[in-house]
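As written, the chains take the letters A, B, C and D, and residue 1 is the first residue of each chain.
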Amino acid sequence: MQQTRRSVIKAGGALGLLAAFGTALLSPVRALAAWNKGAFEAKSTLDAMRALGVNNTEESKEIQIRAPDIAENGAVVPIDITSSIAGTSAILVFIEKNPFPYVGSFDVSQGAVPFVHLRVKMGETSPVRVVVTAGGKHYTSAKEVKVTIGGCGG
Amino acid sequence: MADPMKIRATLQGDVADVRVLMAHPMETGQRKQGDKLVPLHFIQTISAQLNGRTVFNADISQAISRNPVFAFKVKGAKAGDKISVTWTDNKGEKRSDETEVRAGS
Amino acid sequence: MRHALVLGVVAAMAAAPWPHALAQTEDPVSAEFDKFREVLEKDNPAELWEVKGEQLWRTPGGPKKASLEKCDLGLGPGVVKGAYAQMPRYFADVDRVMDAEARIVHCMITLQGFTYAELAKAPFSSATRTPDPVSIVTYVAAQSAGMKFAAPQGHPKEKATYAAGKEIFFYRAGTFDFSCASCHGVDDKRIRTQPLPNFTKPEQAIRAVLGWPGYRMTGGVMHSLQWRLTDCFRQQRFPKPDYTSETLSALMTYVTVNANGQVYKGPGIKR
Amino acid sequence: MKISNFAVLAAGAALLASCATGPQDPRSEALRMMQRDFKTQGIASIDRLKQDELQAACDKYGDNPPKEIATKLQNAQYAAIKWPADGKFLGDWKAGEKVAQNGRGMAWNDKGGVGGSCYNCHQIAPATTSFGTIGPSLKQFAKLRGYGPDIQRYAYAKIYNSKSYSACSQMPRFGHAGALTQKQMQDLTALLMDPASPVNR
């Protein structure tokens, strides 16, 4: 966050600095740790979630996951995620059957729309699980993607 | 030094649709070259700034596809604004590129 | 990570009915691939090589410290726009028909001072390296996006090269008695689940050239038609054709002329 | 191809050359290009470009030779089949399934013959839905044709040399080309013929 603070100071002075701290508090996932090694090295979605401080999740239909039913190539699986949940601050993505399920977190609390497009490697057919953080609570949804050619051997 | 990114930012109302292509091997540490495994080499963090103000952050793993593609949407943008994107990888390599927000068609 | 082998895991397809009597474009799996193909093409990593290729084209390089901006791709020195869609074509200075990559390599030799041997040593992309001619041909190809293929057939050598390319296409030999036509000479066939276009027909020949140069999801590398045809010969169990050889230009002439009149969409994304 | 076939290959090339009518002939132009541009790589030697008598005839007639020529070619191919030394046509269908699935072998990056690539072109066991359509479906092969020794012999012969039944078939001559061993061909025959094979169930 060092860089963010600096640019904010340049842009808006003390007020901007305050605002930057404010938004940091609103995005607990990122505020907890820079690049959460424990979560990224976890071998199950559950362990990864724990490492991220996600202990309770609530199923939500307001998370849209657009991904292929069958991926042409597991090396490049396109995923669009949109959250309609008010106050969405972060989008977390897990490929449950990958050896390291946690793929990433996308912090949209500082001026981005709760949407992200990403492309992932999938070793085999798996649910793509999304967790959305909003107002200190965690919501979840998943979509199964079938893989005929695994994409992790490079 | 890493190859440049390709960034496109197009306005849809006051939201900039930002699409980024990055040149990076995103090595999983599982790929073999000859008999040896190619070591882990992947982008870990991405941040985007609108006129210098951070608006989007991502932490990612090696499971993101080689030559990563991301899209996100930034509120409160107007034509001519500067969008910059920076990535950092696990070897500490870094790359920043910038583009101007363009009016949508 | 674990990876399912290409030929092995098709559990997904077992779950879905496989109406193989239908044309390939009508089955649900292909329809699903097509839908997301558009998503993938919208942001194609091939653009990274377009950018790199343009730099390589404009920046002085090679032993002679020259740029390629005087390279004649058939429309006059330095003219890139539209050139790819009008190749392969005859070049009087070498008295042969050349495809785009063959011509770029020729320019790198004559203008920049590279040798054929160094350019041909490892001409295809790997996970860690994209040869410069591949980046350059990607840039050149992108400058013909949206144009119709119009590979010329006015010069006698262009006609002769087309005719030779056709002969090569139908030439049956090797351990498995294959020709190009064994797989690409009839309608509505497939290898495993991969549909096989019939390149002898204009409306299907376009699929031989569309999307090349292409970003290949497998391995995440950029490949050109030179690679594609060379790898076809490998699978045909033939010996290996020389990089940028007349044989490859002739085959490209045959399929491109067959596809003339149809629109080229620029560098693509491949499975 | 096998070394012993070189003479036949050379004869085929000579036959082709005699068909050429001049330097502008597309055929001789194509041959000139290929002879110059192709190089031996790994096991894929330059000799593979030389057509044998059958390849040359199929090429000449667009894979549709006159009946008398086709019959002559088929008979010659059939006569050259080396039948199993142990007199058995059926091996292990489970091993045969593996050979059928494997699409590698005989290319310049291979060490030799490995697999039969059968699923590339044929539907065989119903569990594999990823199959090609260049060749006919072999589902229920023996159930439809019978399990007897004559059908076994026929199946083995087709695998060994498909051209002994159809001169210009697109199917490789696996035994003739030395791409599969006798055991692999017996295993494949079992995949088609064994009553316990999923092909017939």
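The definition used in the following text is that a contact is a pair of C-beta atoms (placed from the backbone, for glycine too) under 8 Å apart; a residue touches a chain by one contact, two chains touch by 3 or more.
In this text, all values refer to a predicted model and were calculated from it rather than measured experimentally.
Should one ask which of A-B and A-C has more C-beta pairs in contact, the pair is A-B. Note: centroid distance chain A to chain B, computed from Cα atoms, is 15 Å. Averaged C-alpha coordinates give centres for chain B and chain D that are 51 Å from one another.
Rounded to whole angstrom units, the spacing between the C-alpha centres of chain A and chain C is 37.
Centre-to-centre separation of chain C and chain D, using mean CA positions: 29 Å. For chain D, the set of residues that touch two or more other chains comprises 130.
In chain C, the residues that touch at least two other chains are 1, 10, 13, 43, 127, 193, 217, 219-220. Touching of two or more other chains is recorded for residues 19, 28, 30-31, 38, 65-66, 69, 71 of chain B.
Contacting chain pairs (ordered by label): A-B, A-C, B-C, C-D.
Contact residues on chain C toward chain A in their complex (touch as defined above): 1-6, 9-13, 15-16, 29, 32-33, 35-37, 39-40, 43, 127, 193, 217-220, 271. In the complex of the two chains, the chain B residues touching chain C come out as 3-4, 6, 19, 21-23, 25-26, 28, 30-31, 33, 38, 65-67, 69, 71.
Within the complex formed with chain B, the residues of chain C that make contact are 1, 42-45, 47-48, 51-52, 127-128, 215, 217, 219-220.
For chain A in complex with chain B, the residues that touch the partner chain are 3-4, 7-8, 10-11, 16, 20, 30, 34-36, 40, 75-78, 95, 98, 100, 102-108, 110-113, 115-122, 151-154. Across the complex, chain A meets chain C through its residues 68-76, 78, 80, 98-99, 117, 119, 121, 123-125, 146-154.
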